[in-house]
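For clarity, chains are labelled A, B, C, D and E in written order, and residue numbers in each chain start from 1.
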Amino acid sequence: MSELLEAPAAGSVTAAPRNYEILPKPTDDGEVGGDLLEVAMGPHHPSTHGVFRMDVVLDGEQVVKLKPVFGYLHRNHEKIAENTTYLASMPYTDRLDYLCSMTNNWAYALSVERLTGLQPPERAEYIRVITAELTRLVNHTCLVGFLLQDMGALGTPLMYAFREREIILDLFESLTGSRMMCNYMRFGGCRVDLPVGWLDQARSALDGYEEFLETFQKFLTENEILVARSQGIGVLPPELAISASITGPMLRASGVNYDLRKVDKYGIYDRFDFRVPLGDHGDVYDRYMIRVLEMQESVKILRQALRDIPGGPIVDPKAKIRGFRPKAGEAYGRIECPKGELGFYLISDGSPNPYRYRVRPPSLINLTVLEDMCLGQTVADAVIILGSVDIVLGEVDR
Amino acid sequence: MLGEGIIKGMAETARNFFGSYHDADRMTTVQFPEDRIPAKENARNFPFLVFDGEDPAKGLRCVACQICEKECPPKCIYIVKDTVKKPDYIGKLQFQPRVFDIDVSVCMSCQICVEVCPFEAIKMDTDYEFGTADRFGGLLLNKQRLAKPNTYYRKIHATEAAEVDERLAAEKAKAEAKAKADAEAKARAAATAAAAKATPTPVVSPTAPAIAPAPAK
Amino acid sequence: MQLHHYLIFSALLFAVGLAGALTRRNGILVLVGIELMLNAANLNFIAFWRFSADPQAMQGILFVLFSIAIAAAEAAVGLALIISIYRHYKTTNLEEMNSLQG
Amino acid sequence: MQIPFAIIAALTIVAGIAAMSLRKLVHCALCLALVFAGLAAMYLQLGAQFVGFAQILVYIGAVAILVVFAILLTNSSSSLLPTVRSRSWVFGLVVAVLVFATLVKVILASSTVAGRSLPENPLPTVKDLGTQMMTYYILPLEVMGLLLTAATIGAVIIAMQEKKPVEPLKPGSAGAPPTHP
Amino acid sequence: MIADVLNGILLMLWRVVSDQPAPLAALLPALPEALRPVVSAVLCVSPIIGVFATLFALTTLMERKGLGRIQNRLGPNRVGPFGILQPAADGLKMLTKEDIIPRSADKLVHFLAPVALAVPTLLAYAVLPYGRNLVPLDLDAGLLFFFAVGASTELAIFMAGWSSHNKYSLLGAMRAIAQMISYEIPLILSAVTVVMIAGSLSPAHIVARQDGFIWGWVPHWYVLTPWGFVGFLIFTTASLAESNRSPFDLPEAESELIAGHLTEYSGFKYALFFLAEYLGMFAISGLGVTLFLGGWQAPLPGLDWVPSYLWFFSKLILMVFIFIWIRGTVPRLRVDQLLNLAWKFLLPLALINLFTAAIWHFTAVWQFPGALLLRWLLSAVMIGGAYVVLGRALSPRKKVSLRTYRYAT
């Protein structure tokens, strides 16, 4: 894989060591050590994307220290999964990154399939690619909307984004029964087959989406304020990105060519023709643009998949719903979810419950470099840098 | 970078502003209590129990096997088995749940109970209006509130229900054929027995449920 | 309404400003006292102009306008000095600024 | 005309005394703004429209704000001042009272002041003022512009502080805990 | 006596409606001497408060509806037909809400801040000419008065931010003051351009100078000259910043500072802030209309029969609509960019504009054919060139530019 990494070899640069000590007790005004002001942004703050807290120390408007605090949404996901059956964890994975339940399902299904050797049939693989790429569209659209909201564009981009998201969510609903908590994939396939006419609906949704992307880009990408607000802000150097194991669009925005769809070629991604956009600066604007360009590539993949999808069964006949007991062993399945590398590590001891269940959440790991990106920027920048990292607290806290 | 981008953006918003007045497609808002989006065929919300015929007490398909209770991820189902067996829709003697409660404040609408149920007894409802002033009692659905007729199931999930009905009908036909064959065999045996003047054989008991009920906690 | 009402009022304001400038320890407040004194003087100019025989001669008004401008400049520079002294001594108390080198 | 004058004068003096004696600096600054407003009202009452508005614009809009900014920047906004008065406060008070007494005595004794009341002459318009300023008083005006420019630059240079680039605290420095394993 | 008064009231109302001079003179002689000043003051003040409070209610509705339409939503439509009564419902909600004062707040200053904001804002309405004969207070130095009371709102915002004893409030207030002081300069300088050309500080006089039509149909408004157009742009930008509207809504930047200096306000005090903010926006838009858009003058010849105040208010609403439109489109600037824009772009541009206006003024003596066109072109080139140069300097090509992206092979 190392030949795929265009950046210098990892290991030479490490993230700045954190100094998380409690600051000297502030005065009445919250002023710390003279001119510094300590502000706890969150957990109830309009722009922390859920119950996330940034303890920032400000010198004027400049951030001199930032301590991410999370765990407010901790729901014991991993421990619950170790105490329940393999299948019963599937709906819980929906709730990790609640914007992209399909890819979460896929990653979990993939690792169980690695554990048991189940092989999804052709049609199921296509459905998985289609739903995963639709999920990527949903996620990136939302992210762009939220990012603009953080920049203060009073809801308009967000509303446009949500209108398009709605169309895809409708597709999900008619396929899986639920708009967000899809709970669709099963070990060795998918739960139900596509309803009649779904593919046509998907195609027409895609046509609308291309138009939307075009207008959205016209509307935003050239906007001077957006450009001025986001260029040169929150720069993440590729060396640091690699050594902090950042993945996903954030890593690619720093110019590192690493996309699991190309690297692992899981599922049937080797059959599709798509490109991986790379940024050169690693700033907020690059992260924004990489996502916009990825959406265009996703549309390309979807076109091919919707054209080529074959008929046939959707579940491996060996898969069973009741009494599912994989043989003892371990497996790690990972996919390129919209936020980065999402992996599930499972150890089975032959019982109906996994012995060990561990999630590699891209949101959490991408969040670790937040302070490095925010130091020296202003509060307003810290907010959009957080927005450009693209976190969902359900996944960060699990 | 001298303001053209902003002007382009403003043109775009103006287009949307005026478009919203003449282009009905842009306005995706559905004004909820008056207008509703018809539920999708696959839509799911909370589970309900299917019964055949008119009488929920009689026709309930659930046999209190408690698989769903065990598989339910958030453990929102609570079942107490009845002590006496009643005949099910085929006429087979089965246990029925004495208590079947679903706490919809805990339920996460995942449909796992539906998937694991071997008897097509629990299905997903599309009703979502569960608002109540009583957050404990009002959201704890009991057997009476959960039981809904098969006709309702056919109404909300037509395709799926048709498949299920077909499968059940086939099963029923098979069971009836088997019962007939059994009866014939019995009659034949009785005849031979009578002929042989042997001792009477015991009554054939109904087949046990496919899966043993879960042990008590 | 007579001229000496205004003059006594402005004298009172001047005295208040003077008392403040002389009795407060905080550098900012001393500046505030000086501003009060300047304002009191301005009022005198306006009063004399208004009560003069020929208000068409506008020396009074113009003097006050110039004086307002100077006061603004004075305040800007004075406060800048206080801020820079504060950075050095970490205090605005004039009595603690008692050494020429820090 | 007596009553408005009395009200304005009383308000202004009370605000002035408050500005010089309150313990919270921000309160002092707000009272100062009140004094400026009262003086502006008095200018208007005297018919000096332009000066009155200029007083509001410059004093409330700029000087009071500057004072407030200085208070915030010197970090003394909320803390009560430990000691209000300087050591020589009795001396200062005595001097002020003496000055006031002298002034009053002089004003009351002056023959040019005593008993003079408002003349009935028309007041100059803004246009007259502008004409005067641009013709007869052009030199002071230009000098004033120069002074303001110099003062602005001077204030900026004095108050400017060089920015250090932000660096995270290094491990091992004072108070830094061991880094995460 | 009573019949006289009634007659006077009716005559006064008729004169107001039909745009005739001296409406007050119709009523006052019928009243006893002692009552006259009081009545005339009340009659000047109450319509302003009434009309602009109604306009405020309508604007909040229009804003929400307009933003909704921009975002392809319906906007409020539940209270009354088409949501017309939504402002009333909002107002009732505000008034019945609990008034929460933080325990550590400075109670007196916290209470006074909304009042200190609302009063100068209302005062600013005194000098605007609403119609041909509707000038509440025709001050010789009216414009200076307007800016003076405008400047005194800054202190109120500081009071709100400081007294709340909340970090967000304080940060918001500091931002607000920095922003308002910075943008006051281009605002005043762009107004000074007009003052220089019109030769008066009195708004009524400035409107009167924009009378008449060039070539019989192009109105003689200052916005239609190159310097006037750029002045109007500067004025609009600065007034957006002065009234804390998007994209200059940093003091209340929701995504950073919750609600800035308003964070700790609730109930009636919040409503008062809200009202003052909108009233400030109307006042400054009204000034923009007066200075650049010809005030109450009709846009085309032959439309003089329409009452002049209708023209004023339609222009005012047009400006407010533009404000809403901008709010629905652009993201927010950052503090340093905001100040850079004021000091490095708007201020020099306003100064160059002043110079251009001076040239326009002095070339007015040209009489040869095509002189107007030549003047127009000359000023347009001057100010347009300055715009391009300053704009380029503001966003250096190296630092900020549109980018192209590469793809991995």
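The definition used in the following text is that a residue touches a chain if its C-beta (ideal position, glycine included) is under 8 Å from a C-beta of that chain, and two chains touch if they have at least 3 such contacts.
The structure displayed is predicted, hence computed values, not measured ones.
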Minimum number of chain-to-chain touching steps separating subunit C from subunit E: 2
Chain groups still in contact once subunit A is set aside, others held in place: one piece
Set of chains adjacent to subunit C and to subunit D: none
Chain whose Cα centroid lies at the greatest distance from that of subunit A: C
Top chain pair, ranked by number of contacting C-beta pairs: C-D
Chain whose Cα centroid lies at the greatest distance from that of subunit B: C
Whole-Å separation of chain centres (CA-atom averages), subunit B against subunit D: 79
Inter-chain centre distance, subunit A versus subunit D - centres from mean C-alpha coordinates, in Å: 57
CA centroid of subunit A to CA centroid of subunit E, Å: 44
Where subunit B and subunit E are represented by their mean Cα positions, the distance between them in whole Å: 63
Residue numbers of subunit A (touch at least two other chains): 28-29, 34, 156, 160, 163, 221-227
For subunit B, residues that touch 2 or more chains besides their own: 1-3, 6, 9, 12-13, 16, 28
Multi-partner residues of subunit E (each touching 2 or more other chains): 70-73, 165, 170, 328-330, 395, 400-402
Complex interface listing, subunit A residues touching subunit B: 84-85, 87-92, 94-95, 156, 160, 163, 166, 170, 173-178, 181, 183, 191-192, 195, 215, 218-227, 321-322
Of subunit C, residues touching subunit D in the complex: 1-9, 11-26, 28-29, 31-33, 35-36, 39, 42-43, 46-47, 49-56, 58, 61-62, 64-66, 68-77, 79-84, 86-87, 92, 94-95
Subunit E - residues contacting subunit B, complex: 66, 69-74, 325-326, 328-330, 387-388, 391-392, 395, 397, 400-402
Interfacial residue positions of subunit B with respect to subunit E in the complex: 1-3, 6, 9-10, 12-14, 16-17, 19-21, 26-29, 31
Subunit E-facing residues of subunit A, complex: 6, 28-30, 37, 39, 45-47, 58, 61, 148-156, 159-160, 163, 221-229, 231-232, 257, 259, 262, 275-281, 285-286, 289-290, 293, 378-381, 383
